Each structure stands twice: as C-alpha cells, then as structure tokens.
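Per-chain numbering from 1; labels A, B, C and D assigned in written order.
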Amino acid sequence: MTQLPDPGPDDPASSEPASRDAADPIRVGVLGARGKVGREVCRAVSAADDTVLVAEVDADGDLDSLLAGGAEVVVDFTHPDVVMDNLRFCVDHGIHSVVGTTGFDDDRLATLRGWLAEAPGTGCLVAPNFSIGAILMMRFAALAAPHVESVEIVEVHHPDKADAPSGTAQRTARLVAEARRAAGRGPGPDATTTSLPGARGADVDGVPVHAVRLRGAVAHQEVVLGGLGETLTIRHDSMDRVGFTPGVLVGVRTVGSRPGLTVGLEEFLDL
Amino acid sequence: MTQLPDPGPDDPASSEPASRDAADPIRVGVLGARGKVGREVCRAVSAADDTVLVAEVDADGDLDSLLAGGAEVVVDFTHPDVVMDNLRFCVDHGIHSVVGTTGFDDDRLATLRGWLAEAPGTGCLVAPNFSIGAILMMRFAALAAPHVESVEIVEVHHPDKADAPSGTAQRTARLVAEARRAAGRGPGPDATTTSLPGARGADVDGVPVHAVRLRGAVAHQEVVLGGLGETLTIRHDSMDRVGFTPGVLVGVRTVGSRPGLTVGLEEFLDL
Amino acid sequence: MTQLPDPGPDDPASSEPASRDAADPIRVGVLGARGKVGREVCRAVSAADDTVLVAEVDADGDLDSLLAGGAEVVVDFTHPDVVMDNLRFCVDHGIHSVVGTTGFDDDRLATLRGWLAEAPGTGCLVAPNFSIGAILMMRFAALAAPHVESVEIVEVHHPDKADAPSGTAQRTARLVAEARRAAGRGPGPDATTTSLPGARGADVDGVPVHAVRLRGAVAHQEVVLGGLGETLTIRHDSMDRVGFTPGVLVGVRTVGSRPGLTVGLEEFLDL
Amino acid sequence: MTQLPDPGPDDPASSEPASRDAADPIRVGVLGARGKVGREVCRAVSAADDTVLVAEVDADGDLDSLLAGGAEVVVDFTHPDVVMDNLRFCVDHGIHSVVGTTGFDDDRLATLRGWLAEAPGTGCLVAPNFSIGAILMMRFAALAAPHVESVEIVEVHHPDKADAPSGTAQRTARLVAEARRAAGRGPGPDATTTSLPGARGADVDGVPVHAVRLRGAVAHQEVVLGGLGETLTIRHDSMDRVGFTPGVLVGVRTVGSRPGLTVGLEEFLDL
C-alpha cells in the first residue's frame, strides 16, 4: 500500500504497532520543536526515509496537534517542568515517546512506569544520552574492564566547559568501577611514590580520570585499558551537536516494539 | 589446606573439576615448553597465584610426565604434526587442554569434537589468538558496526612483516562485514571520484583496510567507525609478545568448567 | 590615545608601518566580504583587539571604500578573475594585502612581485592555506623526516570528499620526500611480499599515503614517523572552518612589516 | 682505500677530522661497555656501516685500550664518579666524546668547556636524552606553542614508574612555557569552575600535565595544542630501550665536526 493511513484525531488506536504496515513511515511528533535540539530532531525526522514529521509543538503549542497529525511516536526535548504533562498525554492516547528531557529521578520514573502499566502496548524511552558513539564507548569500557589490569580515562573538551571531569567521563568511570568490582578486580597497579599534585588525575570510584581543556576541541573521550604487553583504547570524538539525531531515530524506530518504560538507549542497541 | 594434592599418575579422576578444591592452584603441564612461546607460558603459569607448573614437555619429551605431575590442564603450543596425538592423549586421560598450535581445519575440529563427546567433563579450547586486547577489539568492532555508517581499519606493523594487511585486520574486516550484512547495512558512503591507486586501501569484504609499515612499530590496529557528527575508534596496541599469556591463563582457569570443544578465547570472556 | 586616526582617502601614506602607533588597531578592509570565508574574516577582524574592520567590499562593491575607510591591510578571499585587479589597486595605494584567493601560478606571482618592487614598503602575502595547525604539521613532518627510517601519512575526511588523498596529504608527502632526498634518505623499509591491492596505500613521491573516508569526520591528518624502537606522530584535526581565521590574523598583523611578496603563511611563523 | 688506518697509540692526531677519509668507518670506543645501555651501543656501533667498534672498556678496564684501538670517538655511558676522569683522558688524547652519563651540573660543564678550549678541534657532546623522537617532540612542542591558545601534556607510562609526571613531560612543559612567555602568550583558557581534585592535572610552569599509569604501556607522551577550530597533537611512543641508539650514532657521526662542548643532541639535528 502506498497511501498513508488516515488516523484522524479521534482514532488514536490506528497508531498502534499491531495495525501498522511496516512499509509506512513512522508518524512522528516533536515537542520542543523550536529549541536548538528540537529543530535538529525535526530536520532528521523529515530527512529519514522511514519517518515522517506530522506535528511540531513548541512551548505554548497545543498537544492536540499530535492527534490531528496522527503521531505514532513523540520525541520530547522540552523542560522538566512540562515533560510529565506531555508524557501523561502521550500515554493516555497510546502514543509512544522518546524522551531526552532531563530531570528524571526515581520518583518520576516510578510514576511513568505506573502510567505505562495501564497502557499495554505503549512504550516510552527515557535516555540521558542519545549519542550512539558515547553509548558504545561506555558499554565497551564496562565490558573490557574486568579483563585488564589498568583502566584510566582521558577526556578532552573545549575550554569554555565549567565542570571537570565531564559527566560522561564520571559516568564511564562508575560503570568501569562497577564492572571491575563485580569481577573481583581491584584498582589498577600504580607504583607512584613521587607525584606533583593532580598529576595522577581525579579519583572517580577508584578510576583515575584526566580532563584536558583545549581550544579547538569539541567533546572527546578516551578510555585506555592495559594488560601485560598490550593496551586497548576506546575513543569517542563528538564533532557536532547533530551527533545525537541518529540515536533519536533508533529510539523512534524501536520504541513501538518495546512496551513499557525503557531507561537508556543502550537497551535498544542489542549489545 | 596448603599441601598440594598428590594425584598420582593412576588417578586422573582427581583432576576433574567436581572434585577439586577451588583454593588449590590448577596443576598445569606445558607442551612445547622450550619454544619461544612455551617458555613464556611456563613463566606465566609459575608466576600466577592460582596455577602451578607440574610438567614441561618438549619435542622429544614424554607425555607420561603429565600424569606423573598430575596435570589437570595442558597448554599446547607445539606443531601441527604432533598436536593431534597430544590431544588424543589428554582426552584419554581426562586432562583439559588449551591449544594455541595452528593448523586446525574443520576436519581436525570435528575429530576433536568426537573424542571429547566420549569424555564427558573434559574440555578443550582451541584458539588462534590469545591476545585479550585483540579479541576485545574484534568483538567491539563487530558489535558497533551495525550502528554506524562507516567502518574502516588501519593497521600498523614493523616493516619486516611480509603480508599486508595483517591476518588480524582481515579477520576484523570480515567480522565487521558479517555484522553489517546481518543488520542490513551496506558499505560505507564514499563519494571519491578522483583517486590515486591504493589511496582508499584494500577492499576486504567491502571494508577498506589500510596497512602502514613503520620502523619502531610492533603490532597495532585501529578500527574507526563513524556516524553523523561523531566517530568511535577502537585501538589495540601490542607492545610485547608476552601479551598473549594473560589470555592463556584465562583459558587455563576456565577450560575445566567448559566441557567439550570451544573454539576461540572470546567464548570464555563473557562479552 | 583612544581616537582612531583619520587617514582620509588621499593620505594612504598614513597607513605605512613607520608612521603608525603600535597601540592603534590595524585598519582592515575585506574583499569578498559576503562570501562564506569572507564573512568569517569580517567577524574575526571585528572581534580581535588589535584590528578594526574599516571596509567590507563584495562582488560588485567599490574598491574606493578601502580608501574611504583608511584600510592599511586588505584581506582578499575573492575569485581568480578579479584578484589581480584588486591587488593592483592595493599596491598602487600602498595597502598591504593578505590573499587566500586561489589561482596563483608562477606568472601571476612574477607579475605581483614586479608591482611590489615598485612600491617599496608594501607587503603582500599569498597563501594557499591559512590553517596554522596544518602548516605546523607539514613543517614538522619535513623537519623530522630526515631523522627517521619510515614516514607514512594517514588522512581521514568526511565521505563526501571527491578526491583521495587530500591535497594537503599529497603536499605533505612531497615536502617529506624532498626533505629526505636532501638528506640522502631513501624510501622507508618495507618487506611486504604478499599484499592485497591498495593495502599499502598510494605512492606519492615515494611516501605511502592512506585515505580514510568516514561519516562524522571533518578533516584530519596524521603523519607517522618511525625509527628504531620509537615512533613519532604528528596529527592535525580540523574541526571547524573557522580554523583558518587565526592564520589570517597572523597575516594581517605581520604583512605590514614584510615588504614585497611572501608566499605561504609559514614564512610568518618563525619556525 | 680499503685498509683501515693504523693510528697507533702515540698518534692521536690521525683521528682528527681534517686527516680522515670520509669513506673510512669512524673508529669508536665504548666506555661502560658491559652496562645495559653500553651493550646496546656496542651492538649498534658494530652493526652500522660507517662505524667500527675498536675498544670496549668496562668498570675496571684500561683507558689505554682506546689508544691501542685508535678510537676517534668515545661513547660514555658510565657513572658520575668516573665520567670526568674519562673525559679528561679523551680530551688529552684528542678523542671526541659522546656522553650519556648523568650528573652534569653547571660546574662540570664549565670545567669541560675549559678543557676543550685548550684542545681545539676536539668535540664533546653531553646529552641527557638520545631518543631522537623525544627530542623532536619537545622541539616541535616549543616551536608550536606560541602559535596556539592551549597546550597540555598527557604522558602514559607503565605502572611501575615511581614519579609522576615523567621527567620528559616536565621538561617539555617548561620548554613550552618558556616559548609562550617569550612570545607574550599567557596560560591557556580554562573556564572550569567545578572540578574534582586532580582532574585538571599537575601545573608545571602553567602547563597542565596529566600522567596515566597503564599496564602494557612503555613510555608515551602526547602534547596537545589547540587553536580556534583545530588541534595539533605531537605524540612520541617509545616502545623499546634500543630507541636511543640511533641518537648515539648521530652523535658519533657529528661530534667530530663540532669542536668544543655541545649540550643536547638537538643541536646536531638541524631543526
């Protein structure tokens, strides 16, 4: 069939995976469509072959346009103050959601899980990071960490960044530390007896993390791992903010077949 | 208990996992003990806390010393001409084996599988590569390949190497290609219209592979992967031949709990 | 003094280095001011403390506005068809020039040299590349090349690039080859006997050059050099097109004190 | 001529550059010939086409064997306690020297300079580092430092190293800082307001230095430099201790044509 389905605002059921033809593009609504990130999402959804942008809603926009457009999946990059209302609306109307908005603590996740339990078939992905490269880097670092003696992290960012080390570096260090503890691995060997203050980096859960601030850099991170006679380096270079859009599209394509709440895009990557 | 068990040559049963005390070091025999590689294995087995070297057999040595020493696990870095006889002996005596000797084709693996089927509880690991770093690199490359647009491989070796690209690079390329095919991914984008011959590397199953030959280098490989706005690099640096010994020890520690034939150390790494 | 000098269009002499106060910002006119590159130049000139933008001229603009603004230095990113007329005008009025426009062959350079010979005190910089990082990379590669056994080049660009290897990589290779010849060094050692076609890269004047095409990459190049037991890597990462503006500013600040024709920004970097 | 000259112990003049035939191999004596380093020097001198090993002297050896062998150049990797006596002997007999022994303070260098002033035509090179790669890295870092906004250093060593950062990293940082001061450049930009202790590395003369300790690593250092939109990385990888021998040979080949005292091999590299 070549004709798009005509869902109509009063027929949200037509957006359910069960009734959709795999050859149809996925109908996507974007919330926060005028924000920096939302704009890129709109562009990416329009450019992809298998998705179609059916609604763009901004700060004072009307969620009903999602229904009018027949949105099957909503992408939400809005604000912690409004995201829960947005998601309540989506769940009520059986619209799947892919959420990059921040501010999700355990309470919010529990609430969301409760709503979804009453809407079987509806999926929601909440993810703090949509960079596929960053997710792979963190995952591989955690997978490799139990098999080597040493792990350290070096991140490099532009010099206008306020925090050091980066949140991603700290998160990576914690995943590495956890994986090593689970495998009964202690901290890496280090015979340093004479050191200038700071030379050996910050200690994040036992993993040394070094932060470089460099004009010309964007956002880069290297996890270096070492065993007898060999080293392994996993490096992620983020050159451009658009790097998150392929991850959003993975979310959009997958969320319809994963009912309930999913936290973290890595769950959709089959690693 | 601090005393080593005295299994005696006529009591091979004592080497079975079920009856061994986890606190006892694993009793290891090394075949090919005077070769370059075997020597390093002997050193590593002796140095580790949880293994003990109980037999060193070389070219014209006697396999019965394995029994005399009460070997539970044998490490075989010998020669394709003798390895099958060695393994026949091991399987017959319920000794697990970790094999780095080359020359295993499908026929040999089938034969070996047959022998092991009749010796329940006995395990054998045949692996072409014991470098944990190289194995992780290949595994991560294959895991990441379906999630990016582009994958290329750059390997760097000392200039005395006869083949280009390296066997590891070719193997990585094939694993990457296979993973992409399985995910329905085609070759990476490439708008090159004007090119000097060789500039874009060798084509290995659709994956471009570049081989650098550099004095001072040992054995290095980088898998570079790229998606919109970001790149991921997985790099392995092999600095020293001893880099394979931690992998051999993983084999020695694990093979006793994995009856039957295992091909490839990656199977023991829980990736 | 806080007031800008008022040179007036009929007093170009006031722009000569001898008469200018070092504390005054340099008065800069930009030709090609509405082009992609020219726009960035205008922004950079306006942003810097020691330069002031006094004229912006585009395709159908009037060069007299340079005089009206009292331009001491002109930056020309225009078109091969008009650049010579622009420079004739500048030389006639004693205005120094920094030129990134392409199309300068030996004839044009000779003509320009002739004009400048008759305008003592006036300087002109013609440069094919204003990236300071790229210039340093090429210079260091040439300086190091005679002191090592092996040199190869790996460049990585976005996959929409039409030529492989890049012009910069080819130019680097030629500089390396020249430096090695001058030092009596032959090609690097290479024992390869079995090779897949293309594996060892393109041969540019005896230097192997490898071109990687990767989504997410911008423009990157690595010169790898190796001697017994050690390697040296010189890597340039160009992340953003604005990377050429610091080089243009170096040109603007220096050209007034270098009368005559200078080819290549490297001449101003005191390497 | 194919016959080696027969200088005889009483004819040191024959070793002077003026009288030697460029086609003759340079006659080299090694002091400290049985030490780890001296042994490698002996091997390298014997292996090179243009040098010949004519004397090997160890701790309790006799310096007269230098004369008996007709040494033109001596390489000294001995001990601070004996090196001055060795050099007194060499200068007295018109033998050039290449010295890697440590412990040269200003007093010793002044003494040495005095001796050489009275032995015109005799050269002596005292160098703390014979790794050509490390010397090039430091030199390039200093050359580039004035032309960029940011410079930081990341060094990676095996985990048995006692000091952090390495001496080479600290020396590089000081050279970078000096070059920036001379060019009127301040410290790199850094907007960090929230930092874990140590994250931003050690401050060496205003240059952040980060020390990674990694099993499998040998000795590696990266100087990262950044300007608007681009970065430059200069990386040195030392894989093997023999990496210093090409530098010693450069010293041996050059010292005869550089009378007087030279401090630092970089002086012989024409950078």
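Throughout what follows, contacts are C-beta pairs under 8 Å (C-beta built on N, C-alpha and C of every residue); 3 or more make two chains touch, one makes a residue touch a chain.
If you're wondering where the values come from, they're calculated on a predicted model, not measured in any experiment.
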Partner chains that chain C and chain D have in common: A, B
Chain whose average C-alpha position is farthest from chain D's own: A
Rotation angle (°) superposing Cα atoms of chain B on chain C, nearest 5: 180
Where chain B and chain C are represented by their mean Cα positions, the distance between them in whole Å: 50
Geometric centre distance via CA averages, chain B-chain A, whole Å: 35
Geometric centre distance via CA averages, chain C-chain A, whole Å: 41
Set of chain A residues in contact with two or more other chains: 133, 148, 216-217, 225, 227-231, 237, 239-240, 243
Complex contacts: residues of chain D adjacent to chain B: 133, 216-218, 237, 239-240, 243
Residues of chain D that touch chain A when the two form their complex: 148-150, 152, 154, 156, 159-165, 188-204, 208-217, 224-231
Touching residues (chain side chain A, partner chain B) in the complex: 131-134, 136-137, 140, 143-144, 147-148, 225, 227-246, 250, 269, 271
